[in-house]
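Two complexes come next, and they have one chain in common, subunit A, joined by subunit B in the first and subunit C in the second.
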Partner chain A sequence: MANKVVVTGIGLICGQAMSANELFERISQCQSSVRKNEKLAAYGVTNSACSFIDEQVLAALDVQCREQGLPQLSAPALLAIYAAAQAIENADIDVKSIERKGLFLACNKQSLEAEHLLGLAKHFDPTTGKVDLDMFMEMQRHEKQSYFHKRQDMAALVLAERYEFDDVVMTPGDACAAGGIAVGTGYRYIAQGELDVALVGATEAMCNYMPMLSFSILGALAPQSGEHPASISCPFDKARSGFVMGDGSAFLMLESEQHAQARGAKILGYVSGFAKQTESWRITSSPKDGSDYARCMSDAIADAGLSINDIDHINAHGTSTEQNDSCESAAIKKLFGERTVSIPVTSNKSAIGHSLAASGAIEAALSIISLQQQLLLPTLNFCEGDEDTAGINVVQQATPSKIKHILSNSFGFGGENSVLILSAVAE
Partner chain B sequence: MANASTDIFITGTGCLLPGCNNPADLWQRLLEKKCATVPYTSEDITTQIISWFGHISPDQAATALAAVPFKLRRYATPASQWGIKATVDALTNAQLDLACIAPERIGLFTAQGDYSYPSLPSFTAGVGKAIEQNNLNLPALTNEFLNNRGMDAFLSIKGLSNNSLAIASLAFGTRGDCGAYVQNKSATIAALRSAVMSLRYGYSDVALVICTGTYNEALTLTELYQQNLLSPAKQGAASQRPFDQQADGSILGEGAIALILETRAHAQKRNVAGLAKIDGIGNKTAFLTVDQHNNYHHCAQKLLQKAGLELDSVDAIVATGAGGKKADQQEVVQLEQLLNGKDIPVTCASAITGNLPACPLDMLTALQMLQHQKIPAIANLTNPIGHQLHLVQKESLTQPVQRVLTLNRCYTGFNSAVVLSSPSYQ
Partner chain C sequence: MIKTESKKAPVFVEQGSVYCSAGNNVSSLWQALANGQQNLTALPCPAYDAWPWSQVFLVEEPGASELGVDRKILRTMEKQAKMALYGAALAVQQVETLANKSISSAKKGLYLALPTVDESVPPWSLLETLHEVSATPTQPIELSSSEFLQREIPAFFGLSTLNSNACAHISACFDLTGAMGAYSPFADAAFQALIDATGAVAQGENSAALVGGVSPKVNPQLLLQYEHWGWDKLSARIPAEGSSFVVLTANKNPDAVCVSGFARGFIASSVEAPEIYQQLLAQALANANVTAADIDWFLPFATGGKDIQALFALGAKESLPILSSESCMGFSGAAGPLINLNLALHGLQQQKYLVNTHNNINAQENAGALRHVALSAAGPEGQYLVVILSREVI
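Here is the complex of A and B:
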């Protein structure tokens, strides 16, 4: 690799936290952001608990954007614009003045909303099985916020123009691995000398009707039978039964070490390794023996020029689904062998839900703060593992620890995996 | 690890486009100026307003479905199925047997321009039941969806941005570097960039780039219509008139294009000449200032500068020609600024298939031009709006074509440029 890659800024909005430090503090105090979503519950969505962002917060972000002359934007775009601006401010960098820069912003496809579905359904003729589009178009004449208007790359388009990213602009949509892939791809461009600076991150707002329904039907969401919302997601625990959804966005400002040092920037941490790959196994599951997860983890460690003995902590994908946590546990055991019991493992998803694309970026941001504060975050709701997860050293309370290198996993539907290695600034 | 200056070649192409089962079909239609758009039909939509479309025909769709392994079919969107068919053909075109390459060394990069999931057809069972029971409201619909199999059980898989990638990785057994992107040409450019990066720095030996998508979805059609971007298509297939004074909007379409990319060294080792070298990829975003007249040509200028190329070395340009009066006038102005009086022929292919999301029709056209040393005339162009431009009109030009600049301009202000040249061109 031509360059070391440093993190000089972090921006984040997630659940009820408006910054990365605020979220870190909340999780270290075992505060969950998972709440019942009354709007979804009123629509009849039975498992309506999720880590959503309040409509008032989104409305305030919308007002800010309108005041800046932006058009009406979708929720993921609003979150991304907020978090990206925070990362840039945190890095204290004049992005526009930099020539060799890139933007890597992960986001999955935005969904049809409940109101749109209902709107179309009103013009559906069950006898023909067709919707009368002309009538719908007439009725929706003044509707400005339609599907096409919610392009997946809308946030990237706005940020690219605002900060003059005139060349490399990418919007990864690799399902749950997308956030890790956005961070890792930016890292790769700088490490190979193609860019000096990369704004990397992800955004997602899936706590709405259609994603909740479709993941519920698939059996991926945890059933919710009277449990307290904050207790539902329990990664690696024997009672785990599915994930809860989350909203959020996080960005990191990455620079080559040389570039950051030249401008006197404060270095928060390093991105030192990355791997991404497909499994070609099955579309909804990974090999039970953890071999493909382990392969990706091993390749990322090798990319960082490290050995497994150098890894001090794992920020797990840890979705709280039976299958993921079993496979991930098998992968950790396969790769780390006897060291498994001594490597602390944290999943953030019981505190903040699974925000699909955004999760990888949010977890990278939290990992960088863990490295800065030398503090391991707890996995909320973990009590006891089962046969598969037993032996995994799940962190149950905030724990000071000497941490130099963190391995952060993001594994996606469709068999697409990414792993980041994040490292501390040398003392 | 490969040298950073490694040339990247396109060694194979395949496509499934309106009226075109392969690139040769497209070339024939381009030469004959024979448009493939047809009256709009849909199993899910009744409309008089949307009257014309570049459809993948039922026969084409059946062929594509047959190319997808049986056990994957229920998870694959139609667009993903088209992508598999295009990739099978691209591999044949590249004379590449993937079984000869370690699965971990095959990169896979997809661009989905796919608005079609989730959409109403995924919910028709539940919606129909609710209407039947005279109980069309969200709680009733939710009950039908969750408890009475009223929606597509695999919607979350079909609706994800990496559906094409997931299906392709399983169909072709790829286990290497990867990237899934969604949204028109920005996805195509990102997939291409990722593939080039992967090959250039040795993360892959071969890269499959699969671009596929459709505009055929109720809300998408509605919004594009309401933005006055669509042609009323009163003259049928002749209604998409790129750069013509009578242009009155776009005809939309659907399809898939696949490209096989390799380093020069890898292609030479296989004794494959390659179809073209990728000289450079550029883009510039003008989402908020989409109507300003400088982003498109600045994008091209910057790319040429970065690639160390002179505009004089470009033999032809494949432009967008979306068919909208305002959009095409803006494009012509920017082309005139870029060319500044230089006599470089400009063509485009959009009238043949309609505007396609994510598919690099311009690149596929450029590859054919390099292969056949011809520049096709623009279909449906009778009264050009740019008199300073050399818009290729009426007859194809037969002349040396060693380097082609392809330019694209999306509805939302994403401008992109790709330069392709003959493999032997220096």
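Here is the complex of A and C:
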């Protein structure tokens, strides 16, 4: 029989919030973390509103890490180390002493920032068409411009060494589904009895030059002509026109129920189901009828041993792009049928932006707090749906509600989908 | 410290594809290794002064017709995604399981290991313009010119460098919609993918799984990694491009080779490395219900041979044949362990094996009774995995 998997700790940094409870409080009060990024605007990024983490915060985290003897790290790694430590502290667990433990940390590849691009350009010889790699390498030794900051496994390896994870260390890189996949994969290892404890989470810091430009050129970011930054992202609304980017990291400490009970840990909630699947469609969109999303949601519910009638709330992927929200709405209607109008749906992304890999882990953390507080979070900026999203019961203000099971969606570019089922502690 | 992997139902593995400079099938690679044929090509990018190799193992970038996709799709694919798709296409041609209509596409999964997909940007023309102004203390106007940037940055850059999109192309072409995973960035990722896929098939989450690994592409960014890791000081690390795939199934295949055991770990301290190599090898052997003396062939990858002594310490035969294929055919990152796996499957099928010779150019072919083959793969910062293949007695 599969082990029950419990959540015993949460750590988070996202936008202007330094913990999961702080972020939950902010969103419940309809406070958005989306702001104009003046530095990006100065660089000519027209869609410069995003939920970024201040450079001062990153600098302080950098100092802390250096004081602890860690090497110079990338922004995603700094965020991950902070959030992971918070989750471990929250769980009140001595991770090093645990024998059967795994680390599952999702992160996508990072891109060059504007300063890095200029640094590289300095060593480009237009007459020969070659980069002087010797000079470039020398520069990297002295300046904070290392190519290796692009590595997606940097945070995972630092955490593995720090907390002595000597078994499974995994870095999912499945775009926007990666965070959900990290949580779900850790859940599965514990459920199947292969691990007792898993530190699961994700980190991403994409509010910088090249990612913002590339997603802007792709047409995925919302145009921002004159709108207040906090009102640009509006999931499921008829005015939705794209997403805004976000920075962040979140971790959950997962344990088998038996392991948590044996050490007297406080159980915050359960991860009770998971599915991850690929589509066989297009790399820029999913089937309009929502069939692939619905299949993934259905399989996650089945994995939890539940029926659709047991789901009390949906934490949607809800990116605020025309495509995603239409497909996700179609999937919800296809799967839940007549129940659709009665299932409250929330997207957190209008408040915190879309942090790609990190989003699934952040939303899982927020969902666990929703279960604890029995409170539904609002979808900021939603006013009225369109033909596709009409009938979706989008939560518009913080609402107390009896919630036992939450379904949390994460759908990735290219058609990699993951769905988690998160459940409340029995009264 | 190291846990024991739980025993699962048998999962069978079928020989898939190899796409490398020596050819696009396992037989031609095997023959090239036996004959010492090394298809080296001039380094295609600028290098730093101390770079040791003027020639490397490259593959041709597959075109739209070879990949079976519309030419427009190529705009969304970097070379690594093309190598992945081409390797997958070769595997699908080779293995009937994936075309088997009686298995629902929702029960066919994809597990792909690939390093960071390196972007083609910044394009040289962008660097050329920025070079002129990069020495100025003020911000170059080009960096804040939307018109300039939109001209210089490829429209699909945001997608083409996502690992998930390399997977998406394969899923879309071959209708694989089951449970999946994408793993990065080093050689160990190949066996992470294989072990997870094995678990998914054993648990019934998938009925079949395509498992692949892709190399980095040879470009200046790869050279920087070589310098960083010190790989340019190792003789067996000549960069090689390519991809390789195998197919896992719960159904016993005609050759009846199964993934009988595996283990994975993270070696945080080099002081403890010898002990942990032994523990992990012992764990994989126990998982396969065999001893070190039962192993008939060992193919380590990217371990620098450090685990060979550990296997002997556990009681491996003195005559145990060993093949470090990267000595002969270059270092192909996450493709390497799966290339080795395909060589192992070929050997098990043909009852022959290859061993390194002193010249590190060719491998010597010998006939021999093979039943159990051990393979390993390592990442540069302590990642280490072991897989045991076993042939059923027919």
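Going forward, the second predicted complex is superposed on the first by the 399 of 427 C-alpha atoms of A that agree within 3 Å, B and C clash if a C-alpha of one lies under 4 Å from a C-alpha of the other, contacts with A are read in each partner's own complex, and residues count from 1 in each chain.
Assume contacts are C-beta pairs under 8 Å (C-beta built on N, C-alpha and C of every residue); 3 or more make two chains touch, one makes a residue touch a chain.
It should be emphasised that the depicted structure is a prediction, and the values quoted were computed from it without experimental measurement.
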When subunit B and subunit C are modelled together on subunit A, clash or fit: clash
Which of subunit B and subunit C A:G337 touches, first, second, both or neither: neither
Partner chain(s) touched by A:G69 [first = subunit B, second = subunit C, both, neither]: first
Subunit B versus subunit C as contact partner of A:E99, first or second or both or neither: second
First (subunit B), second (subunit C), both or neither touched by A:L195: second
First, second, both or neither for A:T278, with subunit B first and subunit C second: both
Residues of subunit A at both interfaces, subunit B in one complex, subunit C in the other: 42-44, 46, 108-109, 111-112, 114, 117-118, 120-122, 124-126, 129-134, 136-137, 140, 147-148, 151-153, 157, 160-161, 165-175, 178, 181, 185, 192-194, 210-211, 213-215, 217-218, 220, 276-284, 292, 412-416
Parts of subunit B lying in touch with subunit A, wherever the complex brings them together: 4, 42-50, 72, 75, 103-104, 108, 112, 114-115, 117-120, 123-124, 127-128, 130-132, 136-143, 145-146, 151, 153-157, 159-163, 165-167, 169-170, 172-183, 186-187, 190, 193-194, 197, 201, 217-226, 282-289, 299, 302, 306, 412-414
Footprint of subunit A on subunit C - complex, ascending: 1-3, 5-6, 46-49, 51, 76, 105-106, 109-110, 116-117, 119, 121-122, 124, 126-128, 130-132, 134-135, 139-140, 143-146, 149-150, 153, 155-159, 161-165, 167-169, 171-172, 174-186, 192, 196, 199, 203, 220-221, 223-225, 227-228, 264-268, 276, 381-383
Subunit C contact footprint on subunit A (complex, rising order): 42-44, 46, 99-100, 108-109, 111-112, 114, 117-122, 124-126, 129-134, 136-137, 140, 147-148, 150-153, 157, 160-161, 164-175, 177-178, 181, 185, 192-195, 210-211, 213-215, 217-218, 220, 275-284, 292, 295, 412-416
Touching residues on subunit A, where the partner in the complex is subunit B: 42-46, 69-71, 108-109, 111-112, 114, 116-118, 120-122, 124-126, 128-134, 136-137, 140-141, 146-149, 151-154, 156-158, 160-162, 165-175, 178, 181, 185, 188-189, 192-194, 209-211, 213-218, 220, 276-284, 292, 412-416
